[in-house]
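Same chain, two partners: chain A is paired with chain B first, then with chain C.
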Partner chain A sequence: MLSLLRLTIQDFGPYRGLQEMTFPRDHGVYIVYGPNGRGKTTLHNAFRYALYGQILGRHHTEHARELANSEARKQAGYGSFETTLDFEHDGDQYRLVRRYDETEQPHELMLLERNGMPMSQDDAEKALQAVAPRSVSQFFLFDGELLRQYENLLEPDSEEGVALEQAIERVLGIPIVGNAEADVTEVWHQAEKQVAEQYAAHDATRRMGLSLNEAQDVRQRMQDAHDQLAQRIDTAKERVAELEAMLREQHKAERLLGSLDQLRTQESDLKLREQTAATALNELMPELWKAVLSQSATGRLTAIDAEVQAAEADLRGAAAAARDLTHLHHQPDCPVCHRDLPNDLRKELVISLETAASGSHHEAMQERLAHARHKQATLQRLTRQDARLVTERDRALRSLRLERQGVKEEIASIERQLSEIGEDKVRSLTNERDERQAQILRDKERLEHSSIELRGQEVDIEALKLQLSKQSVRPDHTVELKDQVSQELKGLFGGAIDAYRAKLRRRVEEHASAIFRELTDEPDYVGLRITDRYGLEIIDTDGETVRRSAGYEHLVALSLIAALQDSAAVRGPVVMDYPFGRLDTHNTARVVAALPRMARQVILLSFDGEFDRQAALRALGSNLIAEFELERVTSKHTRILPRRTI
Partner chain B sequence: MPETGTELADLVATVEELRARDYPDLDPDLVGDILVAHQQFAEDRAEARKRTEQLINRWVSAQPAPEGTD
Partner chain C sequence: MADLKNIALTIEAAQTATDLKSRLGVTEQMDLIRLGFAYAVAHELDLNRDSAFGTRGGSNYDTGGLDQDSLMAETVRIYYPQPEVLAEPYRAVETLMNKGLRLLGEHWQQGIVGSVGDLVPTALVAEHQHS
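Now for the complex of A and B:
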């Protein structure tokens, strides 16, 4: 079983420079959060490229040059990128390096080390085919949007369903027996041929030996034509599946259009908010100089406040002096304690109060107070101009501009994707699909006819062999033994295919049902029933097939993938992009909780808000090994950051 | 039967069940070795084919000649 240890990427798409993700445990869930347009699909492709040297676009396989980081290309003058995947398989440690480089002319290279020892190119290719066969990559690296293809397994006439069925059989290992049967059959035919030649070498059996030889040659030619026809049908079916996948992109286009409308509304709302924020900031601009002076004005205001208080106190003193002087002129007692005053003391008091109570002194005090109050009012106006307000409004404006820029980039990305799906293209895809399907039908009829002829020829050969076995001439022992053992092996493997297929089908049904019950909270849905083509139908408590919704279709597809992982002849990590597309919040939460059952290592590419993170943390518990996030540096530069490692 | 990884064990067990019932004279090791080769070279048909023939030839050569022959 393949377990990932580390993925290192350099200048791959928006992942500028050297960046890595480590997978410290060989089982558990890893989640990568990144908003739209930040590079989740590119990261998905980084895994694909690292393992298979292949990049899948939205609609087709892309050339490597499209994934070289553009900033790095501008700086270096040429594009290049590298992926390094460290992984373990059956106790051996591997390091797989793939590099794309345009230094002289565009070229790609691959290096594989096993336990620190570099492998030859040929051995490396063979090792990779055993560890991670490309033909079953769809069960390890999948785009949730493409889960709709699993519905085709229930459509009897869908070529895409046939292609998927073949892929399922490949991942389950059924072709291992089928190929073994084909190869031992070839060995058997060779041994038979040698037996015929030996009979032909003896006078007593010459004529019959030659007839057998001739009959075998005819059978070989018929077999070659039959294989060629079967191969042509397979190729046509693969092409039809490819065409149907491209046509399905139309549904994706509809979804993209929905997102585009939403983003445009969001962008227009942000534009309005940005304008309002800019107006609010501009309102502060004419008075901005006051804000600049406000700090020094605050310091000076303290002194002026003290001066105003002093002037007020002095004015109150002058008023009191005038009141006391009047009292002394008209009353015999003291103006403060109201006791009798001796005349000499009265005169002394009058003299001392006359200056303070004079009109000129009072006026001077009033003038001083008025002056101080005027300065106080001016400084108070200045200090009210708070610079923090300017900063706050400026920050709000910048944040809105940044948010709007992000939305604009998303809009541009979706528009690019939509531009790739043209109406003419759809028409030509549909025409080609129809032509290929007609060709498949014709070839299938010819194949059936060819099979009947082949069986007839086999009967003739067996009859000749039976006659020869009654003769006294015996062929060489080893040749006869090879003939006999390879014939028995052919019979064994031929019979084992159906037995193994039936066994796997039962097991897939059981496992998929168990997982499905975990994913749904509908008590009436008791399980899934597998069809001949690995399609899964929902069964209710009455044992009847349930007509399912789009959301349930998605849950069934996820259940099937998990069950296949469990029974597969090739096992490894699952990297999921957009796996919750058609699910509501409730079902999404249930799928997140069931992720540890999907595969031993699950890498989920998601975005904040796609599911309730706190609930996911609780549900996954110690099965959640690490979280990463994709941080925007520029529109062409994204950084992978660890969010949390447990 | 040869040692096989968990991924192939079930397939080998199914084939062995049939072999024991329908082809008791067939060598189970030969059957298992052929299946392992096909798993190992699932994506390289030519190599799998070559190894299958080698395994059968080796097995045939290892069998004692019947009495009365050289």
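Now for the complex of A and C:
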């Protein structure tokens, strides 16, 4: 079982610089949120590249150079990126580093360390083939856009379905038994050959022994030709499956055009809203300079308020001094306590009040107060400007611009995809597919004929062996025993493949049914029935097959993926991009809740609003290990940030 | 000496103002000049006509049109209460608007300012306006 520990990427697509995601637990769900155009599919590809050294577009395999960060390329003058995947498998710690570099000429490097020790290139390739074979990558890194391929399993004539069926058998480990049968057959043929040589060594059985030997040689040549033919048919089928996938893109083009129209309408609406928001912000521009100063004006205003109060107090003091002086000039008593005042004290008071009560002092005080009040009024005009309104309108405008930019990037991406699909290409693909299919038909007839001839040759060999067994000459007992045992073992393995296949098929059916019942709320759908080619049909309470909708097609495909994970000979994490494409809100919530049962480690790439996050948090509980988000820095720079770790 | 009736942008500040128009979405030149002035005051730039001021040669603006209610002149008198400023506030306004525009341009280049929202500190203002 492969468990991810950490993914580190550098300058991969929009992930500029060194960025990492850690997976602290070997079981549970990790969710990455990112809006459209922020790099979810590229992150999916980062996992793919890190594990398999391969990058897949929605249409075809892409070259590594397309994923070098363009800002970094501009800065350095050449493109490069690196992925480092730390993982554990059967108690061993691995570090897999892959690097693409254009420093001199474009080249790619792969380094694998096991428990801190670097491995040779051959050993590394073998280890990766055992831990994470590329041929079954679609079960670990799956793209919701491609889930439709599972419908082909129900189409009897679909070559693509055959290719998928073979991939399913590979992940279930059935070829392991097939390889064992082939090995035993090889041993058997060697033993038979030795038997024939021993008969030929005796005078009495020489002629028959030589005939047997020659018959075996003929069988070998026939077998080689038969295998070559079978190989050619497999290769042609794989090519037809590829061609069918490419042709299906044409149908996808129609869907893309629909999305494009929708996005263009959305973009046009956003443009209008952006213009309105810009006008609203522009209305504030004549006063913007005041808003810039409003904070510092507020600070100064506090001091000026105090200065005004002090000036007012001083002015009141000057008025009081004038009043008291007049009192002293006309009345005999004290202006404050109204007691009689001795003359010397009266004179002293008059002298001390004369300056404060003078007209010039009063004027100075009035001027000081007017000056302070003037400054106060100026600062109040600056602070009256509502800075929050500027911030709010600016934020609204920026948010609309960001949203529009995202939509524009999505439009550009769809236009790119559409430009890759041309009419001539369709015609050429169709022609090639038809030619290959005709070739497959011819080769299949030849293969059938070859099988009949091969069986005839086997009968001849057995007849010769029977005749020889009646002779007095006996071959070496050990060789004879080896011949018999290996022949019986071949029969045993041949039968075991079918038994093993049937057992795994039942297991997949049971597990897929259990998951499917969790995913659907339709009580009449009691489970799934597996076909000979691993297609799954929905069964209702009457035991009848249900004609299913696109949404249910999706649920069935997800159930199959989960069941294959459970029964696979090779197991690992599942990284899901766009898994809810055709599902409604209700079914999406059910899939989210069932994620922990899809695989031990599940990494989900999604966007805010695709499902109810609070409901998901409740449903996943402690199975949700961490959440990340993809933050835009620029259109060519995205940061992976932890949102929450539990 | 009599205060200025016309004030001018330097060549460098005029270029920065052209760049900032599209970057910040401030379409009116007068609004941008006032913004440069306020940015300089908020950053407490000095009134020295050093290299940060720029080279003379840009467009002229009538102070009456630029500062119809004299608020800019009053503001500069409060923030820079030196006698020469009190006497000739528009000479100081001219210095500050040029230096402020250039500083704003630099801050844009450095990513310190991304939009007009970044020019407006809100916390303290909001507090004062509530009280």
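Basically, the second predicted complex is superposed on the first by the 507 of 646 C-alpha atoms of A that agree within 3 Å, B and C clash if a C-alpha of one lies under 4 Å from a C-alpha of the other, contacts with A are read in each partner's own complex, and residues count from 1 in each chain.
In this section, contacts are C-beta pairs under 8 Å (C-beta built on N, C-alpha and C of every residue); 3 or more make two chains touch, one makes a residue touch a chain.
Just so you know, these numbers come straight off a predicted model, no measurement behind them.
Colleague: Answer with first, second, both or neither: which of chain B and chain C does A:V570 touch in the superposed model?
Modeller: first
Colleague: Regarding the shared-chain residue A:V240, is it in contact with chain B (first), chain C (second), both, or neither?
Modeller: In the superposition, A:V240 contacts neither chain B nor chain C.
Colleague: Based on the superposed arrangement, let me know which partner A:L492 touches: chain B (first), chain C (second), both, or neither?
Modeller: Once the two structures are laid over each other on A, A:L492 reaches chain B alone.
Colleague: Scan A:N282 for contacts with chain B and chain C and give back first, second, both or neither.
Modeller: After superposing on A, A:N282 lies in contact with chain C but is clear of chain B.
Colleague: Given the touch rule stated above, what does A:Q129 touch, chain B (first), chain C (second), both, or neither?
Modeller: After superposition on chain A, A:Q129 lies in contact with chain B alone.
Colleague: Taking the superposition as given, does A:L293 touch the first partner, chain B, the second, chain C, both, or neither?
Modeller: second
Colleague: Touch test for A:A616: chain B only (first), chain C only (second), both, or neither?
Modeller: Neither partner.
Colleague: Under the definition above, what is the set of chain A residues touching chain C in their complex?
Modeller: Where chain A meets chain C, its residues are 278, 281-282, 285-286, 288-296, 298-301, 374-375, 378-379, 381-383, 386-388, 390-391, 394-395, 397-398.
Colleague: In their shared complex, at which residues does chain B touch chain A?
Modeller: 5-8, 10-11, 14-15, 17-19, 22-23, 25-26, 30-31, 34-35, 38-45, 47-49, 52-53, 56-57, 59-61, 63, 65-66, 69
Colleague: Which of the residues in chain C end up touching chain A in this complex?
Modeller: By the definition above, chain C touches chain A via 25-28, 31, 34-35, 37-39, 41-42, 71, 74-75, 78-79, 115-117, 119-126, 128-129.
Colleague: Applying the document's contact rule, which stretches of chain A touch chain B when the two form their complex?
Modeller: Within the complex, chain A contacts chain B at residues 1, 90, 126, 129-130, 133-135, 170, 173, 175-177, 179-180, 183-184, 186-187, 477-478, 481-482, 485-486, 488-489, 491-493, 495-496, 499-500, 503, 567-571.
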